[in-house]
Amino acid sequence: MESLLPWTIVIPLIGAGLIILARHRPNLRETVTLLTAAALFLSVVSLTPAVLDGGRPSLVIWGILPGLDLMLRVEPLGMLFGLVASGLWIVNSLYSIGYMRGNKEQSQTRFYFFFAVSLAAAIGVAFAGNMLTLFMFYEILTICTYPLVTHSGTAEAVKSGRTYLGILISTSIGLLMVGIIWTWNAAGTLDFTPGGILKGKVSDGLIGVLLFLYMYGIGKAALMPIHRWLPAAMVAPTPVSALLHAVAVVKAGVFTVLKVIIYIFGIELVNGTAASLLLAGIAAATLLFASVIAMQKDNLKARLAYSTVSQLSYIILGAAIATGASVIGGGMHIAMHAFGKITLFFCAGAIYTAHHLTLVSELNGIGRKMPVTMIAFVVGALSIIGLPPMGGSLSKWHLMLGAAEGEQFIFIAVWMLSSILSVAYLMPIVVRAFFRPLPTPQSVGVAATGGEGGIEEAPLFCLIAIVISAAGTFALFFAAGDIGQLLAPLAKP
Amino acid sequence: MNSHSILRVVAKFMIPFIFLYALYVQFHGDFGPGGGFQAGVIFAVGFILYALIYGIDEARRVLPAGLTRTLLSLGVLLYAGVGGLGIYLGGNFLNYSVLSSHPVSGQHLGIFLIEFGVGTTVAATMITIFFIFAGQDR
Amino acid sequence: MIAEHFPVLVVILPLVTAPICVMLRHGGRAWLLATIVTWASFALAIALLRQVMDTGAISYLLGDWAAPWGIEYRIDQLSAFIILIVTAIGSVMMVFAPKSVTAEIPGDRVYLFYTMYLLTFAGLLGMAATGDAFNLFVFLEISSLSTYVLISLGKERRALTAAYRYLVLGTLGATFYIIGVGMMYQMTGTLNMADLAVRLPAVAETKTILVAVGFLTVGIGLKMGLFPLHLWLPNAYTYAPSVVTAFLAATATKVAVYVLLRIYYTFFGAGIFEGLPVSNLLLALGIIAALGMSAVAIFQDNAKRLLAYSSVAQLGYIVIGISLVTATGAMASILHLFNHALIKGSLFLVLACVFYRIGSTKVDDMAGLGKSMPFTMAAFVLAGFSLIGIPLTTGFISKWFLINAALEKGWWIVAVVVVAATLMAVIYFWKVIEAVYFRPRPDGALVVTEVPALMLVPLWVLAGANIYFGTNTNLSVGTARRAAEILLGGGG
Amino acid sequence: MAFPGLINYWIVVILMMTGFYIVISQGNLIKKIVGLNVFQVSVFVFYISMSKVFGGAAPILDDSIETYSNPLPHVLILTAIVVGVATTALGMALVVRIRDAYGTIEEDEIQRLEAEESEP
């Protein structure tokens, strides 16, 4: 199955090329997107059995610097991230078709093209065999998503795009690159090695410095105060927010955080150091503050974006605690949060497509018009909050278990508090949607788009996607055992 | 200056001698002080004198711009050509010893040609510069 | 065995062709000839580099006069690398040139342009090839004088004053250089570089030599636009014909840096850095250049001038690398010479394309070009990423080694400076990008289309080289490393 | 060596500084070039005086002469003079064209004109 490894990156790129070729025939173009997504998912899936058996398919592409290769190497965490990203791409493509056509967006070919390239980059991040390779794909991901963020080309989009790119590029070039070079300088290698490569090579002080260079260098993980790009990115069309800024891009960030903690530093090296405690404190603060901010946002997508910031810090916190269970929990949360959040974004986009509503305060009674969408929204919200029987509850469980294992009980309290806060920012939406009366047509101009009372759902493609992702969120609750089994090798030092 | 008969006559008388002196400096350069640079300048001076007395147009008629430019280039090419000939005959670039069967006479020949190239170029350059500036006000 | 004459042929060929171009007196034919010759030189340069990498330094005695007395051409890894840079850029530029030149230079002067171009080309190659300190001066002046002419051929009248200012400062610089050489000659009685390297250490402590170091540094600093001696550079780059700017930015300053490297490491050996505060001075100047000039670049509204300041800033990186006095540092500098030539070469070629179409390089006038000139602007984006140092581009490789060198020496503050300057590069680069892609064409502006393929192809060759040498670093890194090792290993 | 022995260097330095001062202080473009020339000439003097060997004859080969002055710097300076001439000629040509374009050869006036140009 190793022969399929390069294809995981090549397939989306070929797809991107075909999309350009099919630019004058929208139906063909969208078919290409779907087929590419399916092919990518299959090729990623085909790697899974080998990884489960303890195999580590790897491939050296070429030597880029003396002693440093551009190489791919699949390990459990990357496997999981790759599965999530490629699997959700199929769902998201369905959704995109509905959304982009429903809203008659411009430059759709460019949209699908960069989407495919971004996926290639995300898979590259997932399967990178050393830090340099990861960094390269990480930067490509940043650059390829920029045209998607500024898709509309309005002044606001340009401004947000500037924030987006400014923060992501400056942190990655300014901090992450320095961190990587410093690591190379100290350790003489950048290969992801179980147990880390820095042990015994650097002083404690330098470990602290490096830890912060990495954590703030990985801007995609949106640790405060460099989280501003994520809400800014919400000007993008919703499918972009859904797949990239709830799944691929932000998960690439936290995924990198986990990778660095596990394979560069090594859990043992980080666990219990002063720097890691400080980092955990910052992550905890980000987690709570972002939740509080989310409560105050009336714009639905902005609220979800801050929720994402908060949820990402779950994973960073898990990485900072650096025990076996906490990193497994962190890894698991990548999948759980991905499904939950993409569902929520799908719903937000569906509401916009069907009724052009963007504010939470406008959502009174929407549940009666869009029952399927809003039920899916409830499913996603429950998962984010961390209630069974949704996937999110189990990853949170592992994370808390990890905190207990590291004897840092305060963070258990943080997670509990965070759950309460997420109830506070998600549940009002549900309450409004189902229990408040619909506004009268006179008070809201947009209601003129359709008659009152009847069901007005988003386009069919959107609806299918929403149902699939909601079902996935639910199914993950039962698949958590398998994920745990996949990730188990991470806990071994 | 067409009215100054004395100048015209004296100049006419002088210029051949200036040229002759230039040639002396040119060809005696490999035995004593002298050489292409000095000879070129002196030759140019003779010509510039002519231009000063008889007018730019008259001088241009004798030595058109195209000709000076060609001479300028030819001088450089002669220099480089002799150097290249050294390569062709098995030595290094600018090795004159191989130009003739006897190294010393080869040296002699080489420096003679090279200096001739230098002289031509310098003279042509000087005249060109003079013309460019002198022709300004028209 | 013509191969043994390559060291001199690579210089002589363009030098001889220049007067032939004068005799042709026809723009098109002169271009054809110049193109053939530059490509031939490129081929020679490749052969030379291979030869040098196989067998080590090549010595070529002009006129077969023995080395310390006669003029020696000496090609080692470093000079071969520099020759490769100059010929590669020079030949690509020649392919690009005809349309742009015809558009910017009056028809009856076009053949003069190619003549002067070849002279500059030959002068730069001569500087890199020669092993004689005074011969270097001659080539320096050949290239400088022809450069002044090239700059003065620019379309606006300010090109004239820019050329004049450069002439005054450039002549001062060159004269400073010969003063320094004279002092070294006075103390050692030799002008041969290898010989100087042997004899200088014995007298390195004398005042004469210390003064000579000062003169040489200032003289070459003027030529390469080392901060604060860069004052001529922005105007010269801004008002010169577009192709000239691209060529000069990619090669002329690089060769000057080469001379500086030669002076420090070959003439004096790394020991000079112990006796004198040269490295501290260079470090300070490099840091100020990198930070200050990047900051100045942000506020420019003419893209050409913006990139000119960026060049001064990038030179700061190179000087920082030199000032580290380690093999990695020197290597980072040499590598950046190569990489920056590719980056700035492509960026200025893009501006040449823009000028060709809209007759201006003001950032405001470039608004909306992203749609009408997609391929040109894509090259700009690509080269810009390289300037910033995004992975997979050459700029990243340079930064990688430069920061590595700084950390190796424990000077993490230098790493901070490099990073800070990079972030400023992001800002000034993005300023152009936003204008190009996110602003509409101004009302009533010319409707423009993509430039002809004859311009696009060379542009993309250079831009593509940014990717190629960012992913396959065997040639650049390997050569730079060997060159740096030889430089620091003492001698030539 | 006593003071008189170094007198050539004093002359060189005085010439050099004179030339340099003219280049910097004069606003007239032609005068700047004159200054540049003085500056260059000082270097020529420096080379030539440096090569003089006390008691040495002109370097023309003859059996009766034991010591020669060093001929190499003279040769070098010959080259440098040629370069200087070329520089001067080019500088002058530029000045002529600047006058055609701006109507003046005073630096401050040119700068004023340029400033007006950049602020339309």
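Read from first to last, the chains carry the letters A, B, C and D; within each, the first residue is number 1.
The criterion applied here is as follows: a residue touches a chain if its C-beta (ideal position, glycine included) is under 8 Å from a C-beta of that chain, and two chains touch if they have at least 3 such contacts.
Since the model is a prediction, treat every value here as computed from it, not as a measurement.
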Selected pair, greater C-beta contact count between C-D and B-C: C-D
Point out which chain occupies the most central position, where each centre is the mean of Cα atoms. C
Whole-Å gap between the CA centroids of chain A and chain B: 79
Between the Cα centroids of chain B and chain C the separation in whole angstrom comes to 36
Report the inter-chain centroid distance for chain C and chain D in whole angstrom, where each centroid is the mean of the CA atoms. 27
So, what's the distance in Å between the C-alpha centres of chain D and chain B? 25
What chain pairs are in touch here? A-C, B-C, B-D, C-D
Under the stated contact criterion, what part of chain C meets chain B in this complex? 2, 5, 8-9, 12, 15-16, 18-20, 22-23, 25, 60-64
Listed in rising order, the residues of chain D that touch chain B in the complex are 58, 60, 78, 82, 89, 92-93, 96
So in the complex, the part of chain C that touches chain D is made up of which residues? 134, 137-138, 141, 145, 148-149, 152, 157-158, 160-161, 163-164, 167-168, 171-172, 174-175, 178-179, 182, 185-186, 191
Spell out the part of chain D that touches chain C in their complex, as residue ranges. 20, 23, 29, 32-33, 36, 39-40, 43, 46-47, 50, 72-73, 76, 79-80, 83, 86-87, 90-91, 94-95, 97-98, 101-102, 110, 114, 117
Under the touch definition given earlier, write down the residues of chain C that touch chain A in their complex. 385, 388-392, 397, 399-400, 403-404, 407-408, 415, 419-420, 422-423, 426, 430, 434, 438, 471-474, 477-478, 481
